[in-house]
Amino acid sequence: MSTTPLRPSGRQPDQPRDIRLTRDYTRHAEGSVLVEFGDTKVLCNASVEAGVPRWLRGKNQGWVTAEYGMLPRATHSRSGREATRGKQGGRTLEIQRLIGRSLRAAVDLKQLGEFTITVDCDVIQADGGTRTASITGGCVALVDAIRYLQREKKLKKDPFKQLVSSVSVGLFKGTPVVDLDYPEDSRADTDMNVVMTEQGGLIEVQGTAEAGAFSRAELNAMLDLAEGAGDTLFDHQREALGIRN
Amino acid sequence: MSTTPLRPSGRQPDQPRDIRLTRDYTRHAEGSVLVEFGDTKVLCNASVEAGVPRWLRGKNQGWVTAEYGMLPRATHSRSGREATRGKQGGRTLEIQRLIGRSLRAAVDLKQLGEFTITVDCDVIQADGGTRTASITGGCVALVDAIRYLQREKKLKKDPFKQLVSSVSVGLFKGTPVVDLDYPEDSRADTDMNVVMTEQGGLIEVQGTAEAGAFSRAELNAMLDLAEGAGDTLFDHQREALGIRN
Amino acid sequence: MSTTPLRPSGRQPDQPRDIRLTRDYTRHAEGSVLVEFGDTKVLCNASVEAGVPRWLRGKNQGWVTAEYGMLPRATHSRSGREATRGKQGGRTLEIQRLIGRSLRAAVDLKQLGEFTITVDCDVIQADGGTRTASITGGCVALVDAIRYLQREKKLKKDPFKQLVSSVSVGLFKGTPVVDLDYPEDSRADTDMNVVMTEQGGLIEVQGTAEAGAFSRAELNAMLDLAEGAGDTLFDHQREALGIRN
Amino acid sequence: MSTTPLRPSGRQPDQPRDIRLTRDYTRHAEGSVLVEFGDTKVLCNASVEAGVPRWLRGKNQGWVTAEYGMLPRATHSRSGREATRGKQGGRTLEIQRLIGRSLRAAVDLKQLGEFTITVDCDVIQADGGTRTASITGGCVALVDAIRYLQREKKLKKDPFKQLVSSVSVGLFKGTPVVDLDYPEDSRADTDMNVVMTEQGGLIEVQGTAEAGAFSRAELNAMLDLAEGAGDTLFDHQREALGIRN
Amino acid sequence: MSTTPLRPSGRQPDQPRDIRLTRDYTRHAEGSVLVEFGDTKVLCNASVEAGVPRWLRGKNQGWVTAEYGMLPRATHSRSGREATRGKQGGRTLEIQRLIGRSLRAAVDLKQLGEFTITVDCDVIQADGGTRTASITGGCVALVDAIRYLQREKKLKKDPFKQLVSSVSVGLFKGTPVVDLDYPEDSRADTDMNVVMTEQGGLIEVQGTAEAGAFSRAELNAMLDLAEGAGDTLFDHQREALGIRN
Amino acid sequence: MSTTPLRPSGRQPDQPRDIRLTRDYTRHAEGSVLVEFGDTKVLCNASVEAGVPRWLRGKNQGWVTAEYGMLPRATHSRSGREATRGKQGGRTLEIQRLIGRSLRAAVDLKQLGEFTITVDCDVIQADGGTRTASITGGCVALVDAIRYLQREKKLKKDPFKQLVSSVSVGLFKGTPVVDLDYPEDSRADTDMNVVMTEQGGLIEVQGTAEAGAFSRAELNAMLDLAEGAGDTLFDHQREALGIRN
C-alpha cells in the first residue's frame, strides 16, 4: 500500500483538476468565458464579425477560427511577447490551428450565414493543458456568440451541432493519467491531447512520445481516461450554458 | 439648475471612477496587480530578471521597462492581434515608452543592482484611460517586485523612491473633467495624461487638442483636477501596499 | 554678475537658435522646405496624392499625414538604417504621429477634397529639436502643397486654417530655457515640446521629467518661453510664405 | 463483387504506394536521400554542423532538427514562395516540428556529441503524404549523416537507436485506407499520420476528423493498417541502408 | 608544353561543362525543366496564371517574371533557409531580377494576352553558374509554358520571339575561361555573366572585377568565349525543344 | 544639318551633365559629400567605426560597405518609405551591393586595420544616374574618412589605392550617349553602368537591353563614351580632394 501518491498534486490517475467556466467575463465580446483547469486560466472571447475570409466569399457559409496567445508572464519565467518579436512562434500557430479545427466541429458552417466567429484564447496563467482548456472554454464562448446572433435574428436556422471538449492524457512514470498539470506535463513520457464530441466521437487525437515510444495498449488506456474526463467536461459545459442533458 | 448631467456616466467633473487594485492576481509574477478604473481592467505583471540590457552592462545599475498590449477583444470591436500582424503599432509603442519612463521615476536605478524589472501591462477590458491605469497599477506591481528582491536578500539598499500615479483629464463639451471613460474620451476636445509623484511633482504632461486648441487657463484647470485625483490614487496605492501615509 | 554663460551655446534662456526656412528646396514635391534650427536641418517634402486612406473613403474629406526619418549619419555616431532593420523604431513612430496630429490642426480637412497630403520630414543633420523643426517647416511645406492644389483649381474653398509652429523648452541646470540644442537636450532635467497656433492656442504639450519632477510653476515658466519663441517662429513662417501679419 | 475500385488509384485499402529511397542524391550533404511515395517526391538532406543551439550548450549532448519546405510549383497550382512572403506558414512550422520530433526518436542525443544534424525536407513534387515521406526518407539521410561522423572518427559511441518511419492512414468513403494520395487526402473524412519504430512502438499519432468524428473502432482499424505498412517501410529503409533484418 | 592543366577540371579555356536539359521533370508545372551545367542542377518550373500584376492591368499584355531560390544544402556548407530568416537576401533578389529581365527578352508580351508566366528556378545542387543555368533552362520551360497556352487555344498569335541563353566567363589566373565552376568562380579575378540571343545580340553583360580591374581587351576576349559557348547552348535548347535550326 | 537636338537636354552625345562635389556637407560624418550630376543630388556620408563584421574578425583587415536609400519624394511621384514597408526592395539591395563592391576597389583592405567604413548614399533628388553619382561621390567621402583615420594616427600605412568613378551610358534613339538623365533613361533601348579606375581599368560593366538587344559594336561605342566621361569625373574628384594629377 503506497503512502506516496503518484501524482505531484495527489490526484488519482483518472481525476481531472477542478474545472470552472465563468461566462460574461468581459463585457464587449459576444461570448466571453474564463475557463479554469486548476491553476490554468484562459480567457476565451468569441467575436462575431459580418463577412467571411476571401476564399469563402459567395459560398453561402460562415467561418469559425481561433487565435491563441499567452501573456508574457503567464508562465514560471517570462517569455518574450510575440508582438515584440514580430511573429507568432510555431507552437502558437500549431495550437491555434488545433483550436480552430476543433471548434468548427461544433458548428454547421452552412447554417451560420456569412459571419465569421473568431475565438481568441488568451492564457492569463499557465499550469499545463492550456490548449485543452482553450477548446473546452472556447466552445462555450462560441455557443454564446451563436446565441447572440440568434437574439439579433441574424440566423435562419441553428448552426450549433454539438458540444466539443478536450483534455490531455499521458503516461507519467509509466502510469496513464488524465489532465496533466505542468509538473506532470514537463516530465511525462507521453503526452496526448484528445478532442471529443458529446456523442463519444473523436475529433482530434494527438499523441507524442517524449521519451521512448508508447504501445497500442497504452494508447487505449489513455483514451479510456480521456473518455471518462469528457463526461465531466460536458457536464460543466452544459451546466454553464443551462443545457439540460 | 441642470437636470441632465454633463458626463454620460453621471459623474461630477472632478470625480474619478471607482478604482480597484488587486495584488497577487496571478501566481508566477514577482508582482501581479489587476488595476480597475471603472470598466477599464489592466493586468500588470512585474517580472524580475537577472542582468541588464547590453547598453547598461557594467554600469552597476538596474533597469525598469514596460510592455503594453491589448487583448484583441478588450475593445468594442475586435482589433487584430499585433503578434499576427507581425509588429506592434505606433500607439502601442508610444504607450509602453510612456509607462516605462513613468515607472523609472519611482526607482533609484543605482540601488537596484544588475536586475531588470519588466512590467507587462495587458488590457483585459478597455473603457478609456488604459495607459493611466497601467501606470497606476504597474507602480504597485513594481513595488511588489522590489519587495521580492528584498525578501530574497538580493538588494543592499532600498531602490524605491516614491509612488507614481497617473490620470487623464480633458475638456468635454468645454468643461474640464477628470478620468475620462471611453464615451467621453472619444468625443473630448482635448485629452491630457498626467503622471504625478506623491510629493506633487509632475513626471509627464501630455496634452493633445483633438479639435481647436486649448488655452493656458484650460491647461491649468485640467492640472488642478489631475492633482485632486492624484490624492485619491495615491491613497489607493498606499492602502493596497499597506503603506501608512 | 556671471561671466560664464549658462547655456553651452552662449544663448540667453529665452533666445531660440537662428531659424531658416528655404522653400522649393527640391523640385519634385508640391511643397519642399528645408528648415534649419541652428545646426538641425530637416527636409520637409509635402506630396499631394489623389484619394484618401480606406477608412476615410466616401466621407467627402481629405487627409494630412506625416512620416519622419533620420539619415543614418545625421547624428554624432551612425545609427542603423530603419529600412535595413526592417521596421521603424518606437521613437520614430511617436514623432511622426505627433507631426501628423500637429499639421492637421492647420487644415480644415472637410475643405481639402479627397486628397491626401503626406509631409515627409527627413533629418539631414541633427542637433536637438528635430521634431519641433519638422512641425515648423512641415507647416510651410503643407501650405505650399495647398497652394499647388489651388493653382491647379482642384479645391473649391481654402482649407488652410492657421499656421502651426513648435519649439522645445526645458529645465537646464534648473533654469527654464527655450529651443534646446543637443548638448542641452542630453543633459536637461525636463524636456517639453510645445505646438502652438498663431492665435496663442496650444495644440500639443508634451513635457517629460528626465530627472526628478517638475513643478506647476516651472511648467508655467517654460510655457511662457515657448509663447515668446512662437512669435518669432510665426514671423519666419509668414515671411517665408509672403503672408502679411 | 465490386467492379469499381474504392480508391481512385485502384489500390487495395491496405496497399501503400510504390516506395523508393535513393541515397546520395546530391553530393554536398552528409546524408542526401530522395524519397518517393508514388508521385510524392521529397529531397531529404542531412547536414552536420559542429555545435549545438544556445540552450543546449555545455550539456554534453547533440541535437537533431528538421526544416520543411515546398517548391512553389510542387503542387497543382503555384503557391507563393515562403521566402517572398517573409515567413513560414503555420502548416510548414507544424510539419517541421513533427519531423524534428520524430527523427529525434531515432537517436540517442547523449551519444551524438556536440553536433547538430539538420534534416532539410524539400518537396519537389507533392501528391499527398509529404510529411510521412519526409520522416521516412529523412531517417535514412540521418543515418547517413551519423555514419559520416563515424567515418570521420568524431563519435565515441553509436548514437543510432532505431529506425523511424511514418505513413498516413484515413477513412475514405467510410473505409480505412493506408498511404493516402492527394485525390484521397483531399476528400477523406479522417486523416491520421502515424510515426512508428521498428519495435512496433508509436512515436506520434495525429488523427483529425475532417467531417463528423471517428470512433475508437475506426481508430484501431487505421492503426492496424499503419502497422502493416510500417513493415514495408522498414524493409525499404533497411534495404537502402544495407542493414540486415 | 604544359603538363598541368590551367583549369581545376582539366577543361580547355573555351570548353563549357556538359549541358543537360530534361523536360517534363515534374508533372504539375506547365513547363518543367531540369538544367544541368556539370554538377550545377537547377529545377526550372514555369507556371501559367490568368491575370497580370496590378500595374499592368488593362494594358492588354502579359507578364513574365522569375523567382530564384537555393535549397539550404545545395552548397558545400548549409546556408540558412530564406523562409526561416524571413526575407530573401540581396543576392537572391539580384539574381531573380536578372533572370526575369532576361526571359522577358524571349517573349513579345503584347502577344501573350493577360497571362503571367512565373519561372521558379530552384537550385538543387550548386557548383557555380546557377544564374546562367537558370536563364538557359528557364527559357526552355518558358517555351513549354507558351506551348501549353497554345494547345489550350488561349493565344491568338505566337508570343515567342527568340531563344535566350546565358553563360559565365571570367579571368582565371589571368586567362579568359568560359562557364566557371565553383573552384574557378571562387578564385577568379573577374567574373562576367553574359545573356545572349540566337541572333548574336547581347541582352545583359554583367562583369565584376573581384581583384584589380580588367581591360577592354580582356573584356573582348571574354565576350568572344561567351559567343562561342552560346552556339553550344542554343543547340542544346533547340534539340531539347525539337526545333530545327 | 539637324536643328532638333537628339537629347532632351540639348547635350552632345559625349557630354556629361554638370558635376559638382561639395565636401563637408554635413558635420558629423568623417566624410560627407554632396554629389550632383545635374539635377541628381546624392548625399554620401562615410562613417568610421571600430571593428569589422563577424566573418572578418581576426583576419587583420578592414571593411568598406555601402547603404543606399532614396528619400520618398526624391522622385516625380512619391514612393513608399522602405522603413515603413519593412524591407529594402530588390533594386535598393542591388544598388548598394554595387556601390560597396565598387568602393572596395579604391582601398587596400589589408592596410585599413580593423575598421569598417560605411558609406551611406541617400538620394535627395533623383533625375537618373543615382547609382553612378553615388559611387563617384562616395569615393570622395571614403577618401575623407581615410584621411580622418590618418589624422587620428589610427593607420600605419595608407590604404588608399586609387580613385574610382562611375557613369552611365546607353543607346538613346539608336545613338550612344553618356550620363543619361531621367527622360533619356526611361526611354533608352540599352542602359549600361560603368565603374572605372584612374588607370583606365574596368571595375564593373553592367549593360542591360531594355528593348531588343545590343551588338558588340554598340557595346564598344558605349565604353568609349564612358572612358571619355571618366576623365572628367576623375578631374572633379581630384580637384575636390586637392590631389594634383
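Note that the chains take the letters A, B, C, D, E and F in the order they are written out, and that residue 1 is the start of every chain.
Note that in this section a residue touches a chain if its C-beta (ideal position, glycine included) is under 8 Å from a C-beta of that chain, and two chains touch if they have at least 3 such contacts.
Worth saying up front: this structure is predicted, and the values here are computed from it rather than measured.
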Where chain D and chain E overlap in contact partners, by chain label: none
Centroid spacing, where centroids are CA-atom means, of chain C and chain F in whole angstrom: 33
Euclidean distance of C-alpha centroids - chain B vs chain F, Å: 51
Interchain centroid distance [CA atoms averaged], chain A/chain D, Å: 28
Numbers and ranges of chain C residues touching at least 2 other chains: 86-87
Ring order of chains, beginning at chain A and proceeding to chain D: A, D, E, F, C, B
Chain F to chain C touching residues, read off their complex: 26-29, 32, 39, 41, 43, 45, 47, 49, 67, 69, 71-78, 81-84, 86-88, 92, 118, 120, 122, 124-125
Chain C partner contacts - residues on chain B that touch it in the complex: 87, 89-91, 93-94, 96-97, 101, 105, 192, 196-197, 199-209, 212-216, 219-220, 223
